[in-house]
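Below you'll find the structure I mean.
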Amino acid sequence: MATFEIRNTQFAQRVKDSFDRQGFMTHLGAQIDNIKAGQVEIQVPFSKHLSQQHGYFHGGLIGTIGDNAGGYSAFSLMAASDSVLTVEYKLNIMTPAKGELLVARGRVLRPGRILSVCQSDIFVSRNGIEKLCATMLGTFMTMAEAPDGPGDNN
Amino acid sequence: MATFEIRNTQFAQRVKDSFDRQGFMTHLGAQIDNIKAGQVEIQVPFSKHLSQQHGYFHGGLIGTIGDNAGGYSAFSLMAASDSVLTVEYKLNIMTPAKGELLVARGRVLRPGRILSVCQSDIFVSRNGIEKLCATMLGTFMTMAEAPDGPGDNN
Amino acid sequence: MATFEIRNTQFAQRVKDSFDRQGFMTHLGAQIDNIKAGQVEIQVPFSKHLSQQHGYFHGGLIGTIGDNAGGYSAFSLMAASDSVLTVEYKLNIMTPAKGELLVARGRVLRPGRILSVCQSDIFVSRNGIEKLCATMLGTFMTMAEAPDGPGDNN
Amino acid sequence: MATFEIRNTQFAQRVKDSFDRQGFMTHLGAQIDNIKAGQVEIQVPFSKHLSQQHGYFHGGLIGTIGDNAGGYSAFSLMAASDSVLTVEYKLNIMTPAKGELLVARGRVLRPGRILSVCQSDIFVSRNGIEKLCATMLGTFMTMAEAPDGPGDNN
């Protein structure tokens, strides 16, 4: 694991606050965890509300938490006055996401002043056994001197 | 618009039935419409449940309906005994999705026996004016002789 | 075709000059043509030097001219003092590139102050008949106040 | 590093033979090396013939050897009667490729009967010091019972 420059020592709280401002994450039943400099983890337990036609986790959900885990890993390295935007992401699904828990582990491959490149591996856990089901590679942009949303006082 | 070979004259109903089997689409409040051979449209009205931290449509949702509109445009050209899988997709977000309605219009660029390449343009409508906010390019796989899910009797 | 703001009326000459500075394009036997605001075309005649193992145009070459056509379509809309960088691109190959000429047609989907999103369609011409063989979707960055390379006096 | 099932004990020779059939690799001055089950390395020394407008390695070349290293890592796990096709690939360029040697290290993330997902990290070496400059994530297809090209007698 690479070591990154930390611009905001309160990054873990700021990532958590931003995540909590995303109505979509609540709607999905997602939680963020293991927030470190340049990496985060997002977990979603299975429910029928999250399924595709075969009853597995929906591919769009896999992409959603892959994107979000990548974005927040980039955000964790930003200054307290910056916010983050997704420029683009690509998802490769490797196996159907059949199981009781979906976990996306995002990490920064290369932090940048303007653009950061991040990757998330997405695992599905079935009967407690984790299996890699997808990977996400994306580009995230630093919005300098831009609040992260209503209630972000930095 | 290209003209495609139609393998299943009941494709529109089969696409709709598959969409209705996706619990995730109901959870998002999404609807499918304008189903033609090689193209479909998916619409989602805004709600706070679908927002990112700034209160706009979440990027993961944009990817979700882009992926799904691409996948169902491919599925519309498949035989009645086939089903569809997302292999991979890539989303470029061009502008924040601020508005009251999100619409993904998917189309097949190249149908294939095994793999189809599809593109979706995703528009956000604000005060009734549509704006392109993202584009999705993806690969979808035909699962021959595989039911689309429980209740698919083809 | 969208209409774009033109920041440099000499854009066609500047694109051509930049292309000529790319040793790789000469090495490939590539030519640039039909330079308009927000779109360009790159052509490469077949030779054995450009082949993959089956004797068709190599996929890496398809990506190369797809990327370059996208990048120069973005560059055509930039100010005379800016230069362009490829952030990322994705290529979907739809059919083997068997033929005597490869043509990439790039266009800007969305120009931006910092980032532009561009798409290139790549066609292979066989016995004079063109066929779509691939599509490229990519992100290109404006480097403000940065010369395009040695000899760029803007 | 994952352990993979080996279907063809002569895989290293078969990869090398296929690489040698690619006229494009010779034209680029590329060499293949360190061929193992599920991973390969491709190296290209710098020359002006490979440059973009600033005199660095061209982005299209970076994509080319990234794609090829991914494809051959997939091919190394295939049966002696199969051949390989690139379905799609995505390249993120992280830093300008300034240096004397470009090295792509490809590996299989998930081998499949029909589709394999592979990743390549591309490094540029400058004064002997390697730096990650790009990463490629792609999908490769197994063509069952298809010769790899003229001269492939398997």
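Going in written order, the chains are labelled A, B, C and D, and every chain counts its residues from 1.
One rule holds for everything that comes next: contacts are C-beta pairs under 8 Å (C-beta built on N, C-alpha and C of every residue); 3 or more make two chains touch, one makes a residue touch a chain.
Everything quoted here is computed from the prediction, not taken from an experiment.
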item: Contact-richer chain pair (by C-beta pairs counted) among A-B and A-C; value: A-B
item: Chain whose mean Cα position lies farthest from chain B; value: D
item: Centre-to-centre distance between chain C and chain B (centres being mean Cα positions), rounded to whole Å; value: 29
item: Where chain A and chain B are represented by their mean Cα positions, the distance between them in whole Å; value: 23
item: Interchain centroid distance [CA atoms averaged], chain A/chain C, Å; value: 33
item: Sites on chain B at which at least two other chains make contact; value: 87-88, 90, 92, 139
item: Contact footprint of chain B on chain A as seen in their complex; value: 18, 21-24, 26-27, 47-55, 58-61, 63-65, 67-68, 71, 83, 85-93, 96, 148-150, 152
item: Interface residues, chain B side, partner chain C - complex; value: 90, 92, 94-95, 109-110, 112, 117, 119, 132, 135, 137, 139
item: Residues of chain A touching chain C in the complex; value: 87-88, 90, 114-115, 139, 141
